[in-house]
Every structure is written in C-alpha cells, then in structure tokens.
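The next part holds the structures, each set out as structure tokens.
Shared between the two complexes below is chain A, which pairs with chain B and chain C, respectively.
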Partner chain A sequence: MGIDKKSEPLNRVDGRAKVTGKAKYFAEFEVPGVTFCVMVTSAITRGTVATINTKTAERAPGVLAVFTHLNMPAIPGWAEQGNNSKLPSGGEKYRMLGSNKILFNGQPIALVIADTLERAQHAASLVTATYNKAAHNTDLLKNKEKAAMPPRLGDYSRGTDKDAHNTAPVKLKADYTVPVEVHNPMELAGILAFWEGDDKLTVYAKTQGVKSTQRTLASAFKIDEKNVQVHSEFVGGGFGMGLRTWPQEVAVAAAALKLKKPVKLVMTREQMFTLVGYRPYTIQHISMGATQDGQLTGIYHEATAETASYDDFTEGAVSMTRFMYACPNVTTKYRIVPLDRGVPIWMRGPGEATGAFALESAIDEMAYKVNMDPLQFRLKNFAETDPERNKPFSSNNLKEAYQLGSEKIGWAKRNPAPASMKDGEWLVGYGMSTGVFGAHRGESTCRAQLNTDGTLVLQSATSDIGPGTSTAMVQIAHEVTGLPIEKIRFELGNAAFPPSGSQGGSATVSSVGSAVYDVCTALKGILTEAGLTFDNGAVKPAAGKSDSLQDVLSKQNKTFFEVTKSSKGGEEQGKYSMYSFSIHFAEVRVHPGTGVVRVKRVVTVADSGRIVSPKTAASQMIGGVTGGIGMALTEEGVIDHRFGRFVNNNLADYHVPVSADVPHIETIFIDKPDPYTNPMGSKGMGEIALIGFSAAVANAVYHATGKRIRELPITPDKVLSA
Partner chain B sequence: MDDQLKNEEHTGTSRRSFLKKSSLITALALTPDPVLKAAEKGVDEQIASAIETMPLNVMINGVKQSVRIEPRVTLLDLLRERLHLTGTKKGCDHGQCGACTVHVDGERVNSCLTLALTTEGREVTTIEGLADGDNLHPMQEAFLEHDGFQCGYCTPGQIMSAVCCIREGHASTPEEVREYMSGNICRCGAYSNIVDAIMDVKQGGKKV
Partner chain C sequence: MNQFSYVRVTSKESAIAALAKDKTAMFLAGGTNLVDLMKSGVTNPERLVDINKLPLATIEETKTGLRIGALAKNTAVAENDLVIKHFPLLSQALKAGASPQLRNMATVGGNMMQRTRCHYFYDTAMPCNKRNPGSGCGAIGGFSRMHAIFGASDKCIAVHPSDMCVALAALDATVIVAGPKGERKIPFGDFHRLPGDTPQQDNNLQRGELIIAVDIPFNQLSANTHYLKVRDRASYAFALVSAGAAMQIKGGNITDVRLALGGVAHKPWRLKEAEAWLKGKPATEENFRKAAELSMAQAKSQGGNAFKLTLAPNTIVEALKTAAAQA
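== the complex of A and B ==
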C-alpha cells in the first residue's frame, strides 16, 4: 500500500482558467435579475442605535429595500442557537440586525439593496443613525484582569519541578507581542444568494468549506441540508477567514428570501477588517530555565489573547511549547479577554504562528545566554519522541532539515557575534527558527466516475483557496491508476458532492487525497472484476480477456463505472504523534540610520512527508514565507482605542508585503514519506510555511544589531529605539 | 444595439417601458415641479435613470461596446457588472492593490480609479483579450510554467501589469521588476515566481 515514487512537478490543472480570467469567483456568476447589497456599519463601538433614518435611502432610485433591526426578516435558526451564559466572556450572542445593540465598531446596522451597485452604494450613504453610546473596551492591555480560561483549552503541566524555570542556573524572562493581523485575501468577501420558493436556497460563496456553509445556512433557515446548494469552485484566497459562514452572509440570504430576488453582497476592504475575523492581539510571557551547558530545565509559557464579548475564540498559541523540546518541566496557559470587538478567526499558521514567534525567539535568546549556537542549542534539546504525549513521532526529519538548511544559507560561515557583520552601511544578520503543526487527517469522501472514453472524473465537496487542491488530487489519481493527467479531472467546491471537511489546518491533501487514493484503488478492483485493467495509461482488457472498456460498459448497459469511497485514518492515528516540521533561515539587512529591515535571502526547509505536488507545494512554502515577512516586518491592524476603531483598515495603510519586500526564496523538501499519516505518506504544508518565520527574522535582526525586538511587527521605530 | 438592449434590461422593466414612452430630451425638458409630482407617483426612479445616464463608445478587447451608463460607474464595475468581463478583479476599489489592472490605449491603469466615461473612444484590453484565440500570450504561458499564482485572484492584474512592465522597459533586472510590480499585491505570496515569470518572458525576447 502507498505511493513510493517521487512526484513530478506539474503545472496547475486549473491554471489556464486562472491566467485567462475564465476562473469564476463567487461574485462573478451571472444570475438573471441580480440585485446588489451594500452594508451600512456602526460608527460607535458599544451601545445602541437610538434612531435610524432610512426614508431618503428607500426613496432613492433603484432601491428595493433597506433592512435594519426594525424590519429585518427573522432568521429562524438564530432564535435559539447557542448558550450565552456558558461563555467566559459572559456576553450575549451577536445576532446581526436582531436588535439595536452595538457590540463592536463596524457592526452592520443596515442592509441596502438596489438594482445596481452604484445605486445601492449611493442609497447606503443616505442612511443616517443616532446612537446611545456606552463606554467600550477594545484595549487588551487595559483589560488584562478580565482574562479567563477558555472552556475549550485547559492548562498544561508536566514535570515534578514546576518552578524549574525560576530556579535554573540560567534564566530568561521575556514578554512577546503579536498585534492584530488581518487575513486580507485579495478577493473581497461576500455572497450571492437566491431562493426557489421558500425552502430551496442556492449560494455562490467565498468559503473554505462548502459543507460547513451548507450546514450553517440549513440550520439558520431550518431547511433540509439537501435544499441548500453551495457553489465555491474558485476562492480568491482565505487564509482562515473563510472557515466561518459569517452573519452578514446569512443575513443576505434572508434578504433574498424576503425580496424573492437574487442578492449579491461584495464587502468593502474596510469591512473585511471587522466582519470576517482576524488574528487576535496576543501577549505572551515566557519564563525559561537552562543549565550552564545549555540543557533546558523548565519552560513556562502563558498567552493572553483578545476575543469578542460574544464568543470564546481560542487557538493553539501555546501548543508548540508543550512538545517541541526535550524539557522535563513545562507549563502552558492560554487566557482570553473579551473585548468590544468582532470575533477573531484562525489566520494562517493560526495560534501556532503566534506561539512560535515567542518560543523560537526565546530559544534564540537562551542560546545566546548559554553561549551556544542557536542551532546547536536546538539540537542539544531535541525531542526524539513527543514529550507531551509520550509517543514516537510518525516521522521527524528535523535534524536533516537543520543540516540542509544551514548548509544552504551558509550558517556556519557567519560570525555568530551580534552586530558583527556588515555589507556597506547595512548591518547583516542571520536568524533561524523551527515551525511545527499537527499532521491532521479528517474523514473525507470521493466519488470516481470512469467514462467510456477512458476519462476519469473525481468529485469531493472540498474547497480550494489556492494551494492547488485539484492539481494534487489529479496527481494522486494519476499515480494510482497510471492514467495520464489530461484524462483525469477533479471537481470540488460544490456541496452536493460527497462530503469532505473544510480546507483548513493543512489537512486537505491528507484527508481528501486519501479518499482519492482509496476510490482509485476501489476502481481498480471494479475493473478487475469486469476483466479490465489500468495498463500503461489506459484501460485495457485484462490478460486473457478481449472486451474493451466500451464493450464491457455497453454489455452492462452503462456509460460509466462509478464508485464512492469514504476514508479516514485508522488506529495508527492514536499510536503516533504526527507533525509537519519546517526550518526557516533568514538573512536580513538592517540600516543603522533608519532602522529599516530588509529580508535579503530565505532558505526554508519542509519536513512534510512525501511531496504530492512539488510545484504547488513550493509555491505554498514561498507564499507562507511571504506572509511571514509581513507578520515580521509590516502587518499590524492599528486600533484607536478612544474610538474602538481601526485607523488603517485599507491596503494602503495596512501593509501586506509587496514584490519589493520579498527576495528570492529557496525551498527545500525533505520529501520522505511518512509511514503512518496516510497512503500518500504526506503531511500538511500550508501552516508550517509561515509558522516560526517571524522569529527567524527577529532573531536575524538581533544577530545584525544586538537588539532584541519582542513586539511585532519589527518596524524601523522599534529598531531605532531598542 | 445589442449592448444597449442589455443595459436596459439590466436596469429593469420599469425603465424600459418608460423609455418606450419617453426620451431623454423630454425627460430633461421637465421642470422641477412635475419631476417632484412624478416622484410622488413613484416614477422618480425612471426619470432619474433616464437623465442620469450617458452614452459611452469604447473598444474593449477589439469589440466596440456602446452602452449608456451613469457617470459614476467605474471602468471596473462596467467590465464586471455590466459587460460580464469578470476576469478583471476588484480587491480594494481604491487603487491600492492592482487587482483591477487593465490596459487603456496600451498603458496599465487601475480600472477601479477610472471612470468608465473617460474611456470614450479609447481601446481597453482586459485579461480576456490578451490571448490570441486559444494561443496564450507569452506572459500567461510564463505564469503557468512558473506557477506565478495560487488562488489566481490577483493574477489577471499581475499579468496585465507585467506585460506593461516589460513594454515600459522596466524589466531589466529582477530588482527593477520587483519595484515596478509592487503596485500589484499578491496575498498568496507568489511574488518570487512572478518575478521569475517576467524575467523569463523578457529574456525570451518575444513581443509582448
């Protein structure tokens, strides 16, 4: 069982559609009679809408309706979902336009629907509101006393000496800050919804999970899941923001039902800062102890993150610390602080990226304290088995990755002393870090249809936000059946296909790929029974048989063979600790006069099992590193806490990396199959590409300057004032 | 003619029936008072649309488009919402991301910052008009080969921008390409592949 050969680099199977503009994203489907929705949002952060005047807007040309809390059609499933009293935030559920209450700045207070986009935009500008303002809290630092343990994540502790981090011969205590970061996929969020009658809903959605969107809508409108069609074939990036079906998307569907017309909402970039999640502002405290010769004796890691007043968003900021190093005493805690903010959502690498910045910075700091090379220090504290679960790793090629990466970047050739290297007037620094993320595999189902002409069509209700899912799936099917790539088509982004999980947590290839593997294997069995076989890229009569595929199908009165297989991991999933690993090496230049940091060179090594699709996998790595450059140097959602409002909610002021910020990135794959994760031997890739990278940059800045920046992003002012 | 029809349909039947009975001239000739009365009767929408639109004649991808549009309509929204040329993308609507890049008379512009009426008599090329039939433009080929994208949403804008980057003479070195392509954001982070693709086309010497 399993695929043992290396995969060929393949151009994307859906690439042609993307370079010709033919790929259709949710807002681009032509639906006759479509109407346009524009949202009016709250100018205050907490309180109530006192009055709202929609008269002028309603009379503006082309306007079909203006919905506010006064006339919003009821969403039946919203009446009863959830139990607020259990939330540590103690707040009430957020029900958009369900009442006049304002829970965060930028909350929609009206939906304006008109026959053209411009008319909807103009009419939205005519809606006016007055408010009863209440005091608000949006600043985590001023509300730390509200920190509470989230119901979904308890404290962790191992070892007999809880105080080891405090009593060790060498101690490090440091605080690290990761600011609000916003996913900002290039495609604007929204939805296009229409109904047939009052119980059949069709949506074109921007979602990372067509099935979860289907479930959310079905339960909101209390209709059968089968009556909700969700289409999402192309998604213009997600990075986590598409893991929820957001309230405004449900509200648009409700408006479409009421108006009996198709309604399309394309949010503004500004609205995407408040209404589709973000990486929560998180402060972290690490206390670390080691012996003089560099053996870790204790780590204490506490992270405190913001959440909404109405939700208990929780992520794995402290999970890496629990198992990454062979340290006998480890304690981790995660706390959430409810604020008057929209709810966060996992953003690429999610909490692990936040945690890795702190842990991998601290490891670097400790290495310098004990006078060791940071790479040697990591090797000295290397965990051969998972110290958290006391299980062997299903595969762990970190040592090889450390070696390959360090050779490539020229780690040994650098002068390890801080502030010792120069290139003209620029200071030169090298930094490294480790990234890790669970190699998850969920249950997934795939249908295969082998047609008379020998083409193979595979279908699964998964999504693709860009990593190249179809390409990887076609590649797996090709490797199992031997059929040429051109004869295989993988279809996704349709909730009517056999069920799969959402695209998140780097689990798609492992989960859906296993279903593809299994269904292709099952198809082989069906062919054998029919006296046929896959032979040299075609379906041929089996040895001693003469009927062709066409003959066999026509004798059976069929036009195709079909089979559907569901696939999930077995008991090996419990026996081993399964993780993907990455090592990032960054070379930076720091300008001593201006404090500007430039990433000059990157080498990134992935130990993510067998690489199923080398070309798209390399792109995922460079994409993650690029996101990491933003996290390290430029990205920060800045809130003016006096108003509880973002001051940089646009792409001119919130700086995602542009081409000039990104150097050539070298990617190295260990490309060794993991024996236990799945039949392909693959492990996930999307998260590890980013996790840890910001620490590599921070560590390189330290090496260049001798200055330790513990608060992201590393902007020139921080470098100069450190 | 066809396009005119399309446009009328788009703004709804009420407007079409109004246009049958009336004309732009008569609509303009109405004094404010009757307009007000008409508004009370609920026909202000028809009047407004009749007097608020202007004719536009523009060549888009070699096809002459004659439409009536409101002056506030951007080239981007004209392409996407009225002509259904959705290859051109909206990423910000503020000239901050480059997703909407098209060529107007051969130069790259942000179509979200371009009022459609300003393209009267001009030639617009969008991603849909770049290939020669089934033969991809060399830049499209290079993006495919170098995997210069992931989600593909910024891609049409990147490709349109990249073509001009070479035409303008701003693709001598990778550093120069990075500088002159920095108006096109790719959140998936395909930049290093995009730079490789552009250098490849530049060095291949094919006419872009």
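== the complex of A and C ==
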C-alpha cells in the first residue's frame, strides 16, 4: 500500500483558467434579477442604537429595502437569545440585527438593498443613527485582570519540579507580543444568495468549507441540508477567515428570502477588519530554566489572548511548548480576555504561529545565555519522542532538516557574536527557528467516475483557497491509476459532492487525498472484476481478455463506472504523535541609522512527509514565508482604544509585504514518506510554512544588532528605540 | 458616495469658469486621491470638473529651467530625460511614491493638492479638525505615529504625504496658478501651509484657482542627489520620514546644498538653516551629523512619533552621505 515514488512537479491544473479570468469567483456569478446589499456599520463600540433613520435611504432611487433591528426578518435558527453561561464573560450571544445592542465597533446596523451596487452604496450613506454609548473595552493590556480560563482548553503540566524554570542555574523571563493581524485575502468576502420557494436556498460563497456553509445555512433557516446548494469553486485566498459562515452572510440569505430576489453582498476592505475575524492580539510570558551546559530543565509558558464578549475563541498558542523540546518540567496556560470586539478566527498557522514566535525567540535567547549556538542548543534538547503524549512520532526528520537548512544558508560560516557582521552600512544577521503543526487527517469522501472515453472525473465537497488542491488530487489519482494528467479532472467547491471537511488545519491533501487514493484503488478493483485494467496510462482489457472499456460499458448498459469511497485514519492515528515540521533560516540586513530591516535570504526546510505535488508545495512554502515576513516586519491591525476603531483598515496602511519585501526563498523538502499518516505518506504543509518564521527574523535581528525585539511587527521605530 | 454630476472641460478658461459657477464643484485630475475621499464621504463635491483634456501635460525647457505642466503624470515626469538630467532628485522622489499604477494616473497638480493620510481625517466617525473644524483632533493623544514633529498646532498634527513635493521644495520651484483674476506665481515654499487654527486649509491656493504648471530653475546640484524614504515596507508605503538632498561638491567642499524632509510636517520641510551651515564646509559625515542636529532644534514629539526625533536626523545624514558618495 502507498505510493513509493517521488512525484513529478506539475503545473496547476486550473492555472490557465485563473490567469485568463475564466475561473469564476463568487461575486462574478451573474444571476438574473440580482440585487445588491451594502451594510451600514456601527460607529460606536458598545451600547445601543437609540434611533435609526432609514426614511431617506428607503426613498432613494432603486432601493428595495433597508433592514435594521426594527424590521429584520427573523432567522429561525437564531431564535435562542439571552445569556450564554459557558462564556467567561457570561456575555450575550451576538445576533446581527436581532436587537439594538452594539457589541463591537463595525457591527452592521443596517442592510441596504438596491437594484445596483452604486444605488445601494448611495442609499447606505443616507442612513443615520444615534446611539446610547456605553463604556467599552478593546485594550487587552488594560483588561488583563479579566483573563479567564477558556472552557475548551485546560492548563497543562508535566514533571515533578514545577518550579524548575525559576530555580535553574540559568533563567530567562521574557514577554512577547503578537498584535492583531488581519487575513486580508485579496478577494473580498461576501455571498450571493437566492431561493426557490421558501425552502430551497442556493448560494455562491467565499468559503473554506462548502459543507460547513451548507450546515450553517440549513440550521439557520431550519431547512434540510440537501435543500442548500453551496458553490465555491474558486476562492481568492482565505488564510482562515473563510472557515466560518459569518452572520452577515446568513443575514443576506434572510434578506433574499424576504425580498424573493437574489441578493449579493461584497464586503468592503474596511469591513474585512471587523466582520470576518482576525488573529487575536496575544501577550505571552515565558519563563525558562536551563543548566549551564544548556539542558532545559523547566519551561513555563502563559499566553493571554483577546476574544469577543460573546464567544470563547481559543487557539493552540501554547501547544508547541508542550512537546517540542525534551524538557522534564513544562507548564502551559492559555487565557482569554473577553473584549468589545468582533470574534477572532484561525489565521494561517493558527495559535502555533503566535506561540512559536515566543517559544522560538526564547530558545534563541536561552542559547545565547548558555553560550551555545542556537542550532546546537536545539539539538541538545531535541525530543526523540513526543514528551507530551509519551508516544513516538510517526516521523520526525528535524535533525536532517536542521542540517540541510544550515548548510544551505551557511550557518556555520557566520560569526555568531551579535552585531559582529556588516555589509557596507548595513548590519548582517542570521536567525533560525522551528515550526510545527499537527499532521491531521479527517474523514473525507470522494466519488470517481470513469467515462467511456477513458477520462476520470473525481468529485469531493472540499475547497481550494489557493494551494492547488485540484492539482494535488489529480496527481494522486494519476499516481494510483497511471492515467495521464489531462485525462483526470478533480471537481470541488460544491456541497452536493460527497462530503469532506473544510480546507483548514493543513489537512486537505491528507484527508481528501486519502479518499482520492482509496476511490482510485476501488476503481482498480471494479475494473479487475470487469476484466479491465489500468495499463500504461489507459484502460485496457486485462490479461487474457479482449473487451475494451467501451465494450464492457456498453454490454453493461452503462456510460461510466462509478464508485464512492469514504476514507479516514485507522488505529495508527492513536499510536503515534503526528506532526509536520519546518525549519526556517533567515538572513537579514538592518540599517543602524534608520532601523529598517530587510530579509535578504531565506532557506526553509519542510519535513512534511512525501511531497505529493512538488510545485504547488513549493508555492505553499513561499506564500507561507511571505506571510511570515508580514508577521515579522509589517503587519499590525492598529486600534485606537479610545474609540475602539481601527486606524489602518485599508491596504495602504495595513502593510502586507509587497514584492520588494520578499527575497528569493529557497524551499527544501525532506520528501520522505511518513509511514502512518495516510496512504500517500504526506503530512500537512500550509501552516508550517509560516509558523516560526517571525522568530527566525527576530532572532536574525538580534544577531545583527544585539537588540532583542519581542513585540511584532519589527518596524523601524522599534529597532531605533530598542 | 454622494451623487454628483460630471463635466469635462477643454480649456483653462472653461475650467476656471466651471468652478466659479458652482461652489460645490471640484477639479478632477488623476482621481487617485479625490475619488477615495468621495468614497469615504470626506469630500462631497456635487460636480466634478474633469481637467484631463486641458493641454497642461507637457514638460519643456525654458531659458531658466524646466516647466512641468500640472497634468503631467507622475510617471511621465519621473521618466522624462530632461528631468532626470537636470533634477534627478525629483525623479527619485516620484519613484519613491505610491505604486506604478498610481503614478500612471497621478498628476503633478493632484500630487501637490493631495490631502493628508491621517486616518482620523478619512474616518467620518472620528473627530478631525481638518475634515470637520471644531470637532477636535483625533490624532492628538491617539495614533500619532505617522504625524508631524515640526510646525504642528494644537488643532492639527497631520503631515503632507507627498514625496514629489519634498523634491520640489528643495529645488526652489515656483507654482503657476490661474484663477478668475488671472495668473499668479507662488514660491513652492509658500504653497503649502502650517495648520495653525485653520487646518482645514492645506495650502494657499484660493478656491477656484487652477494649477497650471511648476517652474524649476536650473541649478548645479544634479551630480550629488539622493532621496531617501524610510517606510514600514520596502515599497508602496507612505514615508515615516524622507529626506531629499542635493549638493554641489568641489574639492571635497560643499559649494551648494538643498535639503528637505517629508513626513514630518504639514508641508514639505525645507532645512534652510542646515543648508546655510553646510555651505563651504567639507562633505564629511561629521558635518552632516551636525547639520542634521541643527535641523532638529524645533522638533517636538507627539508621543507616538517620538522615534522620528531620532529617525529624522539619521535620515538626513544617510541622504547626505549617499548623495555625497555619487559620481
């Protein structure tokens, strides 16, 4: 079982459609009679809408309706109101337009629907509101005393000496800050919804999970899931914000039902900052102890993150610390502070990217304290087996990765002393870090259809937010069946296809790929029964048979063979600890006068099992590192806490890296199959590409300057003031 | 966005007349700033007077210098051979601004007239004396990282965001404007103004006046120039601080020098005192440092922008050093 050869680098199967504009994104679908929705949002952060005047807007040309809390059609699944005692805040549920309450700035207070976008925009500008303002809290630093244990994540502790981090011969205590980061995919969020009668809903959506969108909508309107059609074949980036079907998207479907017209909402960039989640502002404290010769004796890692007053969003910011190093005493805690903010959501490398910045910076700091090379320090504290679960790793090629990466970047050739290397005016620094993410595999189903002409069509209700899912799936099918790439088509982004999970947690290749593998294997069996076989890129009569595929199908009165297979991991999933690993090496230049940091060179090594699709995998790594450069140097959502409003909610002021910020990124794959994760031997890739990278840059800045910057992003002002 | 009407004019006279006729009318050039302001409800003209068809896009040599038409696109100016030859600082400054797409649309006149990027100014839910006089200044005591260290008032601490204008200020340009009462000339240094008690007024152009051209006199400063822009990412970001430097160096001594800063004041910030001090002195890092320190005498932090007190002099030194190292 399994695929044992290396994969060929394949061009994206949908590359041409994307660059020629043939690929259609949700907002591009033309539905007859479509109407346009524009949201009016709250100017205050907490309180109530006192009055809202929609008269002028309603009379404006082309306006079909203005919905506010006063006339919003009821959404049956939202009927349940009141306190949710599970929340640390005891806060109220957020029900958009369900009442006059304002729970966060930017919350929609009206939906304006008109026959053209421009008319809807104009009418929206005519809606006026007055508020009863209440005091608000959006600043985590000022509300730390509200930190509470999240209902979904307990504290972790191992070892007999809980105080080892405090009593060790060498101690480090440091605080690290990761600001609000906003996903900002290029494509704006939204939905296009229309009904047939009052129980059949169709949507074109921007989602990372067509099935989860289907479930959310079905339960909101209390209709049968089968009656909800969800289409989302192409998605212009998600990074996690598409893992939820957001209240405003449900509300648009409700408006469409009420108006009996298709309604389309495309959010504004500004609204992308408040209504589709973000990486939560998180402060972390690490206390670390080691012996003089560099053996870790204790780690204490506490992370405190913001969440909404109405939801207990929780992520694994401290997970890596629990198992990454062979340290006998480890305690981790995660706390949430409910604030008057919209709810966060997973963002690429969720939790781990935040935690890895702290842990991998602290490891670097400790290495310098004990006078060891940071790479040697990591090797010295290398965990051969998972110390958290006391299980072997399904595969762990980190040592090889450390070696390959360090050779490629020239780690040994650098002068390890801080502020010792120069290139003209610029200070030169090298930094490294490790990234990890669970190698998850979920249940997934795939349907295969082998047509008379020998083409193979595969279908699964998964999504592709950009990594090249179809390309990887076609590659797997090609490797199992031997059929040429151009004879295989993989279809996704339709909730009517056999069920799969959302595209998140770097699990798509592992989960859906396994289903593709299994369904292709099953197809082989069907062919064998029918006296046929995959032979040299085509379906041929089996040995001793003479009927062709066409003959067999026509004798059976069929035009195709079909088979559907569901696939999930077996007991091996419990026996091993399954992780993907990455190693990042960054070489930076820091200008001592201006504080400007430039990433000059990157070597990133992925231990993510067998590489199913080398070309798109390399793209994933490059994209992840680019996101990592943003996290390290440029990205920060800034809120003026006096108002609770963002002051940089656009792409001119919220700085995602541009081409000039991104140097050549060298990607190296260990490319060794993991024996246990799935039949392809693959492990996830999307998250590890970013996780840890910010620490590599921060560590390189330290090496270049001797300045330790523990608050992201590392902008020129911080370098100058450090 | 508000509803508005649109008219395209083909002569200066009709352009000026169109604005005289209608108090809510505004000129539309590249639209890269005005349309954004309209979308966010900050500026609500009821009539747009499109001036793009006016014959004001030429760049020509006169007896005393170059005349650059107000409608010359930022890209066209940056890539013009005469500009590169005589005023490389202007070309460098333009190329440091915005993105190629924006520079392809943006005009010289529009660039001068672009409004501050202060976020409170753009967000109509926030207080801002520039947008809504008397409503208060959101940036004071708030997010002031991008704001002024020179010439701010207790009413407004915004900066003028242009890169091009820093070069034009350094190059002693003159602005030619035309209005209902005819043409007049404004020295570049007098074009923009400090906020004082009337931050709603960015500059000294009168309502209804049209910028026709900018004159730049020839100089001997083209050999040693540098525009250094320090920003939060490598491209496509407004300056934290920028410095334009142009020098004439003979036998190691500075015989003439121009120096201006961007991102530090409500107008491009010319450093005449430092220039006078440097003149006649050897082009050494030590002298550059002293001149930079001299330039900072009046600088004042607003809290969030305290780092500019260090960054600005350092940027001056780096710009001068790099300029001196040319050729």
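Just so we're on the same page, the second predicted complex is superposed on the first by the 719 of 722 C-alpha atoms of A that agree within 3 Å, B and C clash if a C-alpha of one lies under 4 Å from a C-alpha of the other, contacts with A are read in each partner's own complex, and residues count from 1 in each chain.
Methods note: a residue touches a chain if its C-beta (ideal position, glycine included) is under 8 Å from a C-beta of that chain, and two chains touch if they have at least 3 such contacts.
This is a predicted model, so every value here is computed, not measured.
Q: Please work out whether A:715 is in contact with chain B alone, chain C alone, both, or neither, and reply first, second, both or neither.
A: second
Q: May I ask you to decide whether A:638 touches chain B, chain C, both, or neither, giving the answer as first, second, both or neither?
A: In the superposed model, A:638 contacts chain C only, not chain B.
Q: Which partner chains sit in contact with A:658 here, chain B, chain C, both or neither? Use first/second/both/neither.
A: A:658: touches chain B and chain C.
Q: Using the superposition on chain A described above, determine whether A:625 touches chain B (first), chain C (second), both, or neither.
A: Only chain B is touched by A:625; chain C is not.
Q: Between chain B and chain C, whom does A:28 touch in the aligned arrangement: first, second, both, or neither?
A: A:28: touches chain B, not chain C.
Q: Just to be sure I read the superposition right, which of the two partners does A:260 touch: chain B = first, chain C = second, or both, or neither?
A: After superposing on A, A:260 lies clear of both chain B and chain C.
Q: Give the label of whichever partner, chain B or chain C, reaches more residues of chain A.
A: The partner with more contacted residues on chain A is B.
Q: Return first, second, both or neither, reflecting whether A:18 touches chain B, chain C, both chains, or no partner chain.
A: After superposition on chain A, A:18 lies in contact with chain B alone.
Q: Return first, second, both or neither, reflecting whether A:269 touches chain B, chain C, both chains, or no partner chain.
A: After superposing on A, A:269 lies in contact with chain B but is clear of chain C.
Q: Applying the touch criterion given at the start, work out whether A:558 contacts chain B, chain C, both or neither, answering first, second, both or neither.
A: In the superposed model, A:558 contacts neither chain B nor chain C.
Q: Could you tell me which stretches of chain A are touched by chain B in one complex and by chain C in the other?
A: In chain A, positions 118, 122, 652, 657-660 sit in both the chain B and chain C interfaces.
Q: Would you mind writing out the residues of chain A in touch with chain B in their complex?
A: So the residues of chain A touching chain B come out as 11-12, 14-25, 27-28, 30, 59, 61-62, 115-118, 122, 183-188, 234-239, 266, 268-269, 465-468, 615-616, 618-620, 622-627, 650-652, 656-660, 662-665.
Q: List the residues on chain C that touch chain A in their complex, please.
A: Within the complex, chain C touches chain A at residues 1-3, 41, 117, 119-120, 123, 125-126, 138, 141-143, 145, 228, 230, 232-238, 240, 306-307, 310-311, 314-315, 317-318.
Q: Over in the complex, which chain B residues touch chain A? Could you list them?
A: 10-12, 39, 44-45, 48-49, 52, 70, 72-73, 77, 80-81, 84-94, 96-97, 99, 126-128, 130-131, 136, 140, 143-145, 147, 149-156, 159, 174, 177-179, 181-195
Q: Which residues of chain A touch chain C in their complex?
A: By the definition above, chain A touches chain C via 43, 118, 121-122, 125, 425, 591, 593-596, 598, 633-634, 638, 640, 642-643, 645, 647-648, 652-653, 655, 657-661, 715-717, 720-721.
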